[in-house]
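A short worksheet on the structure shown next.
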């Protein structure tokens, strides 16, 4: 019995009804021979799909099968990803990557681009929308870098909860809190920021052009919102290291190229082993080798 | 980072719950490397799928991605196709083809086959089921050909609406109306027809064998109904230029070979550029190069 | 018009909402170029999918398209498979395989492995869970072998119905009935068994270790339950011809290797012709060539 060489199969577990075309194309372009796309995946129905992935090929061949968890809802994706890894046992496991709504690859790309232009130690970084899925990950990636991170959110309570969590886990960076709706607090914080990263909800402007460029210390502004209007007024979605009033600016599409590279490299790397779990920090580490 | 050569991906947007196996196999046989099949597509959920298709690959590579809109309901397919093209902007676009229920490729094949046997100028062509999805397209394709087209429908009102629409857009052909249920009117019309094309609902007989072959002028009869009984009694689904009582006859399967060729060539051509929109007339133009 | 060489397409009709990843990977590894996976398939919506499979390629090319019926519910799979074969006509057909819940390949593997160690003629074979989907198939495959088969079930009525059906169709083997819940009957039957094959519901123990190894005549024990606890206590899921107290033991994973080989070979064989129907007996015949 002669079978063709083993194909690289990516099992796409998407929490949305229609599995993402974007993730599927990226997977194909990253070298997956086949993408098995599933929509409406939840922690319950994921178990059977994972069993199907780990019980077919022998342990030595399992590196040719991998799982990608995606969809627009990051919390649902996290729950599916947890269930996926819990369903493995012993050598019966495949590599898995979680990137719902592009949250992990986008945060990795933003922090990596910022690190090109800034030395984070003693740097004041203001993160807008910091308690959202991408913002949280940006803060998490900044935490070991020795920066002074200001967690800005519409909810002071959520911001404080995040800061406590980050401070318990990391000693390098220091954290403070800013309530976005409090104008005095916000303006004061902007004044002393060296970098601003905005990752608020799509289409919601965070601050005006005037406020953004009012800071004498500002060196870098990254807006991760791709849907107009901009989160940071004055930053265009296509900005890519664009100098605006002496500030290096990046928009969502400007960050998108690196985000895509990270996603492709990650998919490619999934097929090198059967025991990788790619979440926020692993994807960032992998990303640092790309620059 | 070395990636394999870019694969040709067709995104199949099907309005039915189970995306068509037929369209999927044709796409593979026409050279698509991958078909991403989506069911239950509507104008609302199509937008995200289109964004996924246009935001992954760079503008120069987008000709390797294309969209096929299908499903059994032609009106739903038209609505999805409109939404698809509205979701493009600037160079962020991919080629798209709409062929719900085979309506466009079938109409193109029928009119093209008729043109092999007839000179349309001053030719009387009677179209049964002319206000249905395929019939409308047959009339639309006959409109610039200088024929005398008789639009036959169960509803005189619908027939008149279609005639008005066609007369406003085309000057070459002339149009008249026939109410199928009106026996006198129908029989008179058959008597002076040089060609009859029947595209009524599946399994519904339009006229008897006797009526069909009663016309002394009749040279050609095409029945596009594949489900027995025939729309035109006396014409077999497998007829392919079959001479019956001096009339050249085609049945649905006899037209099917050319329909399939058109569909394959169209899919193949989609991948030559990123800005093609293949609907009724574009598919007919493409078909004329096949004969 | 030059098209690439014709691809081998397997249309996976799965009765579950999420089509089996397991069956899909096996199909790819068996040489299918593409697997078109459909979930929620029932006899009604299957017809269109079958028509799509048989009406695209020419009769000579239809051996490159095949249908696999699967899913966790064996009765639903049987209904879909019946509808599939009913939808063929004349040369418009493709090869089809039915293996819902692995029932056919598992039964074939179990009986084939048993035949390696036993001469079935005048052999007493006790089948636990004999009226379930896999058990029924085990009995069906034993029927022509000249064994004395004891049909053990929780329901004596169901067991008797099965025995009548089997006796009407086969003359080689003889059949008796055992009500599992009746301890005296069960223990007596175990005492005179040369082989025990257990195919009860997942995770439900049938008999204790003590009972199992109480039989002096017992040569072989096969437990097809993969989910702990074992159906036959004392047999490990990974046992593969393992000698335990002089009894050759197989567990579900120990049978799984051959089951998988049968499934792969069957998929591979589907693409050799357009008129194969692979169900219990055909898969067993195919399996006998593998040992």
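Labels A, B and C are assigned to the chains in the order they are written; within every chain, residues are numbered from 1.
Everything that follows uses one rule, which is that a residue touches a chain if its C-beta (ideal position, glycine included) is under 8 Å from a C-beta of that chain, and two chains touch if they have at least 3 such contacts.
Note that the coordinates shown come from a computational prediction; the quantities given were computed from them, not determined experimentally.
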Graph class of chain-chain contacts, one of line, ring, star, complete, other: complete
Mind checking subunit A against subunit C and telling me if their interface is mostly the same residue numbers on each side, over half, or mostly different? different
Working from the CA atoms, figure out how many degrees subunit B turns to land on subunit C, in steps of 5. 120
When the centre of a chain is set as the mean of its C-alpha atoms, what distance in Å lies between subunit A and subunit C? 45
In the complex of these two chains, what residues of subunit B are touching subunit C? 17-18, 20-26, 28-31, 35, 37, 256, 260-261, 264-265, 268, 290
Subunit C partner, complex, touching residues on subunit A are 1, 3-4, 6-7, 9, 11, 34, 36, 38, 40-41, 45, 48-49, 51-53, 55-57, 65
